[in-house]
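Input: a single structure, listed below in C-alpha cells.
The letters A, B, C and D name the chains in turn, as written, and every chain counts its residues from 1.
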Amino acid sequence: MNKNSIKVAVLGVSGYSGGELVRLLLDHPKFADNPPLLLGRSGSEAVALTSLQPQLSGLPHADELSVVPFDWKLLQEEGVEILFLATPHEQSREDVPAAIAAGIRVIDLSGAWRLRHEANRAVYKLTDADPTAAAQLQSEAVYGSPELHAEQIKTARLVANPGCYATSIILALAPLVRANLINLDHGIICDAKSGVSGAGKAPTPGTHFMYAADNLSAYAVFGHRHTGELLEQLNLDASQIQFTPHLLPIPRGILSTIYVRLASPGSIISMQSCFDEFYADAPMVRVRRSPALPQIQHVVRTSFCDLGFQLSPDGQRLVIVSCLDNLLKGAASQAVQNMNLMAAFPESEGLR
Amino acid sequence: MNKNSIKVAVLGVSGYSGGELVRLLLDHPKFADNPPLLLGRSGSEAVALTSLQPQLSGLPHADELSVVPFDWKLLQEEGVEILFLATPHEQSREDVPAAIAAGIRVIDLSGAWRLRHEANRAVYKLTDADPTAAAQLQSEAVYGSPELHAEQIKTARLVANPGCYATSIILALAPLVRANLINLDHGIICDAKSGVSGAGKAPTPGTHFMYAADNLSAYAVFGHRHTGELLEQLNLDASQIQFTPHLLPIPRGILSTIYVRLASPGSIISMQSCFDEFYADAPMVRVRRSPALPQIQHVVRTSFCDLGFQLSPDGQRLVIVSCLDNLLKGAASQAVQNMNLMAAFPESEGLR
Amino acid sequence: MNKNSIKVAVLGVSGYSGGELVRLLLDHPKFADNPPLLLGRSGSEAVALTSLQPQLSGLPHADELSVVPFDWKLLQEEGVEILFLATPHEQSREDVPAAIAAGIRVIDLSGAWRLRHEANRAVYKLTDADPTAAAQLQSEAVYGSPELHAEQIKTARLVANPGCYATSIILALAPLVRANLINLDHGIICDAKSGVSGAGKAPTPGTHFMYAADNLSAYAVFGHRHTGELLEQLNLDASQIQFTPHLLPIPRGILSTIYVRLASPGSIISMQSCFDEFYADAPMVRVRRSPALPQIQHVVRTSFCDLGFQLSPDGQRLVIVSCLDNLLKGAASQAVQNMNLMAAFPESEGLR
Amino acid sequence: MNKNSIKVAVLGVSGYSGGELVRLLLDHPKFADNPPLLLGRSGSEAVALTSLQPQLSGLPHADELSVVPFDWKLLQEEGVEILFLATPHEQSREDVPAAIAAGIRVIDLSGAWRLRHEANRAVYKLTDADPTAAAQLQSEAVYGSPELHAEQIKTARLVANPGCYATSIILALAPLVRANLINLDHGIICDAKSGVSGAGKAPTPGTHFMYAADNLSAYAVFGHRHTGELLEQLNLDASQIQFTPHLLPIPRGILSTIYVRLASPGSIISMQSCFDEFYADAPMVRVRRSPALPQIQHVVRTSFCDLGFQLSPDGQRLVIVSCLDNLLKGAASQAVQNMNLMAAFPESEGLR
C-alpha cells in the first residue's frame, strides 16, 4: 500500500483521546479531501462533531462532519481500511475480532490488546466470546511503539496503541535495556506524574477541580495497569521495576523521573551516544544534551517524547527524565504515527 | 441569653460549606469544651467526621467526633438551642418548620428562606406541606446579613444565611443605596466571578478539572438564583440591576466588580466616608483606602469581606470591587457571625 | 502584489507575541520554503531561535534558524518586503519611519502607532526625532483590524496591530455601534479578564506565580492604555464607555463581558442578525447562536475571536461575551491576518 | 524557663517564611498580649507590617505593628530572649555570633548553620569573620528537628531550623534508618515535588506564572543544597541516597515519594509499628494507616507532616509518601515548635 490517501474511521470520538485523534486526522495532509468516518456507539442518530468536541470547530471539515451510529455494513460500504478504536477496553476486546474478520485493520487505543501474557492482562478483567480466536489474534497483535516495532507495525492487522505512562517509561529505558547497561539487581524506579486528562472525561470525585487543583497525590502504587507493558516491552520481571504514578494539577502532560544503577560506571558521552544512536531515525523522539532535562511545558500539545538524563559524579547512577503529552504521543499522535507506518505515509506526517 | 457556651448542632457536614462550618465551630473559643452535635441524613450509622472531611483531622475534638443519623428526639435530649442547616433547599424548607415548632432556633445556609416574595422564590421550586404555616415562618425569617440586620438577628428564631454572590454585592451597594447616591435609571452592573467550590462538591461536567482549569465562562446571565436577594435587600426592581456570574479557575473566592452611575457628581472623600461610616462598627468588613482595591488572595481563608472603589475623573461613575471567600463570609463564617449575634457572643468571635 | 511567497522579517522574537508570531510564520504554507528573517536588538551575535523559544523546536526550519543582530542593510540585501515589529513601543516609534523610508512595509505589534489623537497617545510617553514626519506617518497608519479596515490594510505601508483587550471589545461592539443600536447615554461597561501572558515575559511581582495563582485582581480601572483604541475605533467619548481589566490565573486567553442598553427594545433574532451579517465574510470571527456564550477554553491556541450574547427579557439590555487568545487573535494571528491581506494571500491562510 | 510568655523578635518579615512565622506568633496563645518585635534590615524607617504582608490584616495586633530597623541595642532594651532569623544565609552566618554573644538565643530559618561538615556547607559559600568562633558555634548548633533532637533543642542557644525538603525526607526515613531496616547498598531514592513558594518571593524567570503554571520540571538533580542535611541527619554517604526535587505548579506544599529496599522482607504490620512507635509522642507528625497515603491538599496550611507507606507483595520494597506545607512544617511552624520546646511551652501550642 502506498498511495495518496486511505479511508479511515474512528469509533469513539467523545473522549479526550478520540477528540485529539480527530483533530490530528482533520489536520493531516493526506486527509485534506478525505475526512475520516466518525462513529459512535451511543444513540441512534447522527450528531454534529462540534457538539461533542466544540473546540474542533474551524478545523477543515469539522463543522460539516457528523458522528454516525456504528454499523459494520457502513464501514464496508465506505471501504474503510483502517479503523481506530478509542473505546473502553471491553468494547475493543469485543469489536476487534469482527473488524479483522471483515478485513479491516485496527489501531486500538485501549489497553485490551497490549499485553501478551494473560497474567498481566488480568487487571483489565476481559472476557472473550471465542477464546481460541482471541488468543490467536492476541499473539499477532503488535505493540504500537513505532520506535521499537516499526517493521511489524507496517504490515500489522492489529496494532495495540501503548499506554501513556508506558510510552514515557519504555522510550526512556529501551536504549539502556537493549544495550545491557543497567544493573537490574538494584531495581529501576519510575516516578511518574500525569495531568488530569489521563483520568478520563467522566466526572468523578478524583477529577473534580477541588480535588485535583493545588494538590498532588500518588495512586496505584504497586498495581497500575500500565506495569504489564513495562515488563513485557522491557523484558523485566516485577521485582526489577517499581512504577508509581501521581496525579498532577495540570490538564495534560506526563513527566517520568527514572532512576537506574548502571552495570558498570559510564560517562556522559557514552550515555548520550546510547540515546542519540537509538533514536537517530526516530522523528518523534527528541534527545536533549545532558545536563538539559525535558519539561512538560515543552511537549504539551506536541507529538514528541522528549528525553534527557544526568549522570552521578561516580558514573554509576543515572537519572532519566521523559516527557510527553499523554493525549498525543501518549495516545492520539502515536496512533497516527502507527497509521502512517501502516499506510506507508511518512512516519511523522501530520504530527509536527 | 448571655452565657459561656450554648449547644449547637449541624445538619449536613459532607459538603464544602458544612465542612468549613464545622472547622469554625471546632476552633471557636466558646465551643472549646462543648463541640457541636453533628448530624447527617444519609445512612443509619454514625461515621467518623474525619472520614467525611479528612482535612479537619488535628483540630480540637475532630478526631473523636462522629456524624450521627438525624433524629429530632436526639436534638431535644441534647438540648440543642441553635441548629445549623447545611442541607439542600428542599430539605431546609421541610425541616425548618419542625425545628421551630420544637423550640430550636435555626440558621439555614440554603436558599430556602432567603426570599420574602414568592415570585423571587420560584427559582427554587419549593413546596410546603403546610403553606400557611410556611408563609408565616417566611414572614418572620430574618435575612442573615449582620451588617444590615443585626438587631433582628439577635432575637430571630429563623435566620436565612445569605448567598455568597449576594453577600459580596449587597455589602458593596448597601451604603450607597441607603444614602440614595446612585442614579438607578442608568442601571447597576454587577460582574461577579467565583471559584469552583461555589458549584458544589458533586462531580459534574462543569466541575471537572478539565472544564474549569485554564478557563473562564459566564453563566446564568439573566437568571441566577441570587438575583432575588439583590432585589429584596437593595430594594431594586429587576431592570435596575444586572448580575452576571462567571466561573473562575480557582478553588475559592469571589470578586465582584460593580459599576454604578452616581445621582450627582461625588468626590473620593465623600465616597470613602460613605463606606467608612456605614461599616465603622462592622468587624467583618474591611474598607480599603481608594484607589487600593481588594484582591481574592487577601480574603481567601478569611472571614472578611473586603471593599474598595475608584471614582471616574468626572466624579460620576463609581467602580466598586468586593471580595470574599465564598465558603466563609459567603457561607460558613457568616453563619457563625449570625450565631454569635443570636447567642450574644462577641460578633467576630472565632472568625479572625 | 500577488505571488506565492514574500520575504518577511521579524524584529523581536524573545517575547510571547514574537514567539507566537514566528510559530505561525513557520507553519504558514506560503513560507514553507522561505522562512522569515529573524532579528534582535540585544547582543551582537546570532543566537539559535530555539535557545530563545525552545518550544518551537520541531517546527519547519525552527532548529536551523538563528536570530541575527538587526541591521538595515541586511533587510535590504534580503529584499524584505514586510517587517513585523514585536518590540517595545518606544523602539517601534523610532524604527518605523526608517523602515518606511527604506521602502519596507511594517506591521507593528506595539501600541506606538495605534492612536490617531495625541491626547490618547500620551499614555505611551513617546517622543519623535522628527515630529512632522511622525505626524504624517501617524495619519496614514492603518489600525490593523481586518474586520473593520480590510481595504486600507491591503495597501497600507504601516499597519498598527491592535491591542488584545481592544480587539476583544471592538469586535463585540462594532456591529452594534455601526448600526446605531446602542443607547450611549447609559454608558457601555466592558469588564475584561486576561491571562498572565498579557502582562509580558519580564519577571515582576505581579507575574510571580504566587501573586497570580489562585487570585483575581482588577487593575488600571480608569486608565488602561487600550482605552484610546476603543474611543477612536468605536467613535465614543470617554464618558460613554467604562473598561476594567482583570488579571486571571491562567496562562492565556481574554474574556470580555460587555453590557449595553439598547436604543430601543430589540429581539434575539434581530440582534443575532446584526452580528451574523457583520461577520458573514470574516473568517476569524465565530458568532455563537444565542443563548450560547463563548468560553476561554474554546479559543485558547486558536486564531479566532468568538462572540455570543444574551438579551434581557424586556429586550433592552444586552450582555455580549467576547473571547480570544491574547497572544493570537489579540496579537500574532492578527498580525499574520494583516500580512495575508497586504500580500494578497487568502485572509485566513496559516491561521486555522 | 517556664513562664507564661517570653519576648521574641523576628528579623526578616518580608518573605514567605517570615510572613507565615509572624502569622503563627500573632495567633499563638502565649503571645496574645505580648506580640513579637519585628525587625528589618532594609531602610531606616519603621513600616507597617500590613504594608509588607497585607494578608495578615485582621489578626491580633497585626494592624498596629510596625517593622522597625534592626538594632542590637533595641533587642537588649526590649529584653528579647529568642530571636528568629528569616534572613539570607550570609546574613544569618554574620548575625548569629553577635546574637549569641549578647545572650540572645537564636532560631535560624536559613541554611547557614544546619550543616556540621564543612564539605557539605560549601554549597552555601559562607565566610566567617572569626572562623574559630564560628566553628565552635557550629559545633554547638542543634539541628532543629523536634522529632529527632527535642532534648538538645530545649537548652540550645542556636537552633538551625531544617530545610523544607530535608524535613519531609528525614521524617520519612528516620524510623527505618534508626531501626536498621534499610538495605543501603540498593540506595534510597527520594523523588520530591514542591510548590512554587519554595523558590522564594523574588521575581525570576523560574517563578514567573507562565513558566511554572501547567508545567513540571526537575532541577538540581545531583546537587540540591538540602542533600547535606539528609546525609548528616540520616548518617548516609552520598552514594546511598538520591534526591531529585521538582517544581510543582501549585503555591505551596511538598510531596516526597521515597523508595527503599528492606534489609530483610517485612510485613505491613511491622512497618506500621515502626512508624507508629517512632512518632507516638510527636504531635506534629501524622502516620496514616497503610495503604492510605498522604496528599498535599490535606497538609497545606497546616503544621503537620503526614506520612504513609505501601509495601510490595514480596515484602522487600517500601514506598513511603511524605507531605508537608513547605512554609509551615517545612519552615515557620517548625521554628515555632522549636521555640515552644526552648521556652518550655507545650510543643504543639499555636500550631493546630
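Keep this in mind: a contact is a pair of C-beta atoms (placed from the backbone, for glycine too) under 8 Å apart; a residue touches a chain by one contact, two chains touch by 3 or more.
All values reported here derive from a predicted model rather than from experimental measurement.
Q: Applying the document's contact definition, name the chain pair with more C-beta pairs in contact, A-C or B-C.
A: Contact tally favours B-C.
Q: Please indicate which chain is farthest from chain B, where distance is taken between mean Cα coordinates of the chains.
A: It is A.
Q: Identify which chain pair among B-D, B-C or C-D reproduces the interface of A-D, meaning that over half of its contact pairs, matched by residue number, are the same.
A: Going through B-D, B-C or C-D one by one, only B-C repeats the A-D interface.
Q: At what distance in angstrom does the C-alpha mean of chain C lie from that of chain A?
A: One centre to the other, that is 37 Å.
Q: Could you put a whole-Å number on the gap between the CA centroids of chain A and chain B?
A: From the centre of chain A to the centre of chain B is 47 Å.
Q: Express in whole angstrom the distance between the two chain centres, defined as the mean CA positions of chain B and chain C.
A: Whole-Å distance between the two chain centres: 41.
Q: Got the chain B residues that touch at least 2 other chains?
A: Residues 211, 213-214, 249-251, 297 of chain B each touch two or more of the other chains.
Q: Per the contact definition, I'd like the list of chain D residues that touch chain A in the complex.
A: Within the complex, chain D contacts chain A at residues 186-187, 189, 191, 193, 211, 213-219, 221-222, 239, 242, 244, 246, 248-251, 253, 255, 257, 259, 261, 291, 293, 295-297, 300, 310, 312-314, 316-317, 319, 321.
Q: Quick one: which bits of chain C touch chain A in the complex? Just the residue numbers, please.
A: 54-55, 57-60, 214, 286, 297-298, 301-302, 304, 352
Q: Over in the complex, which chain B residues touch chain A? Could you list them?
A: 16, 196-197, 201, 203-205, 207-214, 249-251
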